[in-house]
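Both of the next two complexes hold subunit A, though its partner changes from subunit B to subunit C.
So, the complex of A and B:
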């Protein structure tokens, strides 16, 4: 019951803010609504029992990515984008002709049908009983998986990130005359 | 494993009679208990935030050989109520060209981010709202909402001072999160868990069991944490986002009335939360100095008092530092974070890891008293 209420709240937050991100005309407001979407997704993770992933979602996106996006929007002039924003109908004719629209419509229909078929089989196989409220912690398992089973992938990704960091530092460094 | 205040109360007999009172509806009872505790904790912390402003003025007066507020109530202790009434009755001014939506949202986000951290703050072993397995990680993550609010407050005011303050604030909070998080990681390593319950259980008994005295590296980690926490809460000597002499009042220059009050309240409560985390991680948290085998509810209240004493002592030190040290420059701020605190924190983390492997996780006191085994 409690989990269902939380799930519904998170889902409403995610979808509502997601729509707001798309329709709002101010780029800065879009960023703030994106914050709501990402928090909602963290809530969805939490209701599914993935507590570590949920907190990591907040940590990475709210604490890092959204602030960086806000900085980027502000430094590149977020206010100027307001007047240039166009609605979808005004934009549509410039994006293709009737053949491209027909093709993309067909692809969309096939995509939706495939997803519905996949989800139907999942939904019918779900247990009808309510899931247990006592969710186990995932921290220990994630730790074991990261530094025991998948240690190579873990280390490789850390080397990649270090490379990105060094590269960014070299690009941003002021050149000596 | 995820213990809450409800699961703590459920071990007592009166819980069953309460359950009977609610007609066996356990969900409703859980909700009511959580509600009561949330209201109590939020109310208490809001009062601490309000009293923080009084303490700040009184202690600063003491340090500067003045008297400080002394008109409202005995020793001026009701000054914060008078300030609150003043803020609530003041006109809510909004700058003409401000971004209305973000201008209204920013103070709310600051309060939400701070109040959300109270969910895991371990007031005592039983009276923690939720002792999550990812407790400290959650606290670090959710408190970054304050950084967003500082930035948005500065941006939405559409004023140069606010903008500069907001940018300084956001960059400072992001930078100082790194040494603070790495210092906390060292403690997580020693405790073997991220939940406040696990961390607190490892520090039971005498102060020699506290993590600050566990090994030389954790001793340094405490100071790295404390300096970083000062910077993260925008307290002096790191209060560049609201430097009066340069930026009028920084990101909340354009805010008036209760919206300014929200920012001020959020700052003071955040300082309390940060001090509480310091007390819980390094100074033994709410543990009694003796190890008792039984557990009754009055004992929990004693634990709350112990925790609050430690946190408020740190709070005093924070105020003391504010009125003692001059403010840093921006370049000094960044070089302290990136050239000194972060390398020291990483060194501490590696040192703690080596210590755990070498001495099997034993503290200095245990090694001295245990005769080297």
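So, the complex of A and C:
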């Protein structure tokens, strides 16, 4: 019962804030709605029994990436982002206009239709295992997996993070005049 | 009520929303937001399959790696956006024409 309520709340939060991200005209509001989507996805992880992934999602995404996005929005020009946009037709404000939204809506509808058709055929043939309703903690086993089976990917991801952070610092460095 | 299909549908919807953001927006930061939505949809699929189909936790590890890669991508992408803004005084994607011709 508790799981179902949590699932419904998280799904509503995820989808609603996702739609708001897609249709809001203000970039700052978009970032804040992305926060809601990410928290909803963390709730969905919790209903799937993935406690470690849920906490990591909140720590890394909500505490890190969205804050970084907000900093980028604030550093790159206030209310400039809806103005002085010129493309070939001269009708594109930077947060999208009716033509781009119509095109992307068409793509989205086609994508949803094809994928639902695929899902319906796949979902019936999946071998589902028995679901146990108590959700044990996964931290112990994930720790073992990270240093046993996936140790190469673990080390490579540390190198990737170091490289990305150093690269970001170098790229964003102010120009020497 | 809660089944694998419901998670897959949520994930599909998130993916499509990310796709819509990436196609409709012309702002580079907004396009990065769309990429985050798409990466989250993929990670949600991994965890859902890990609970309902397989018997191990490899899907959780994969989605952890997705989160790591997303963090690295966001750091580099936003650094590029800030640099681009220093050069072009705009974050409109149509201004990025330096490599044209």
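Couple of notes before you dig in:
The rule is short, and it goes like this: the second predicted complex is superposed on the first by the 115 of 177 C-alpha atoms of A that agree within 3 Å, B and C clash if a C-alpha of one lies under 4 Å from a C-alpha of the other, contacts with A are read in each partner's own complex, and residues count from 1 in each chain.
One rule holds in what follows: contacts are C-beta pairs under 8 Å (C-beta built on N, C-alpha and C of every residue); 3 or more make two chains touch, one makes a residue touch a chain.
Just so it is clear, the model here is predicted, and its values are computed rather than measured.
In the overlay built on the shared chain, the residue A:76 is in contact with subunit C alone; subunit B does not reach it.
By the touch criterion defined above, A:174 lies against subunit C but remains apart from subunit B after alignment on the C-alpha atoms of chain A.
Once the two complexes are overlaid on the shared chain, A:2 sits against subunit B while remaining clear of subunit C. Shared-chain residue A:12: touches no atom of subunit B or subunit C. By the touch criterion defined above, A:64 lies against subunit B and subunit C together after alignment on the C-alpha atoms of chain A.
Comparing subunit B with subunit C, the partner in contact with more residues of subunit A is C. When the two structures are aligned on the shared chain, A:32 is found in touch with subunit B, with no touch to subunit C. Look at A:114: by the touch rule set out above, it reaches neither subunit B nor subunit C. Shared interface residues of subunit A, touching subunit B in one complex and subunit C in the other, are 52, 56, 64, 71. Interface of subunit B with subunit A (complex): residues 1-2, 27, 30, 99, 101-102, 105, 132-134, 137-138, 140-142, 144-145, 147-148, 151-152, 155, 167, 170, 174, 177, 193-194. Subunit A meets subunit B in the complex at residues 1-2, 26, 28-29, 32, 35, 51-52, 55-56, 58-59, 62-64, 66-67, 70-71, 74, 134-137, 139. For subunit A in complex with subunit C, the residues that touch the partner chain are 3-4, 7, 11, 14-15, 18-19, 21-22, 27, 30-31, 34, 37-38, 41, 44-45, 47-50, 52-53, 56-57, 60-61, 64-65, 68-69, 71-73, 75-77, 80-81, 84-87, 92-96, 100-101, 103-105, 107-108, 111-112, 115-116, 119, 123, 126-129, 131, 138, 141-142, 145-146, 149-150, 153, 157, 160-161, 163-165, 167-169, 171-172, 174-175.
Those residues of subunit C whose C-beta lies close enough to touch subunit A in the complex are 1-2, 4-10, 12-17, 19-27, 29-30, 32-33, 36-37, 40, 43-44, 47-48, 50-58, 60-61, 63-65, 67-76, 78-83, 85-86, 89-92, 94.
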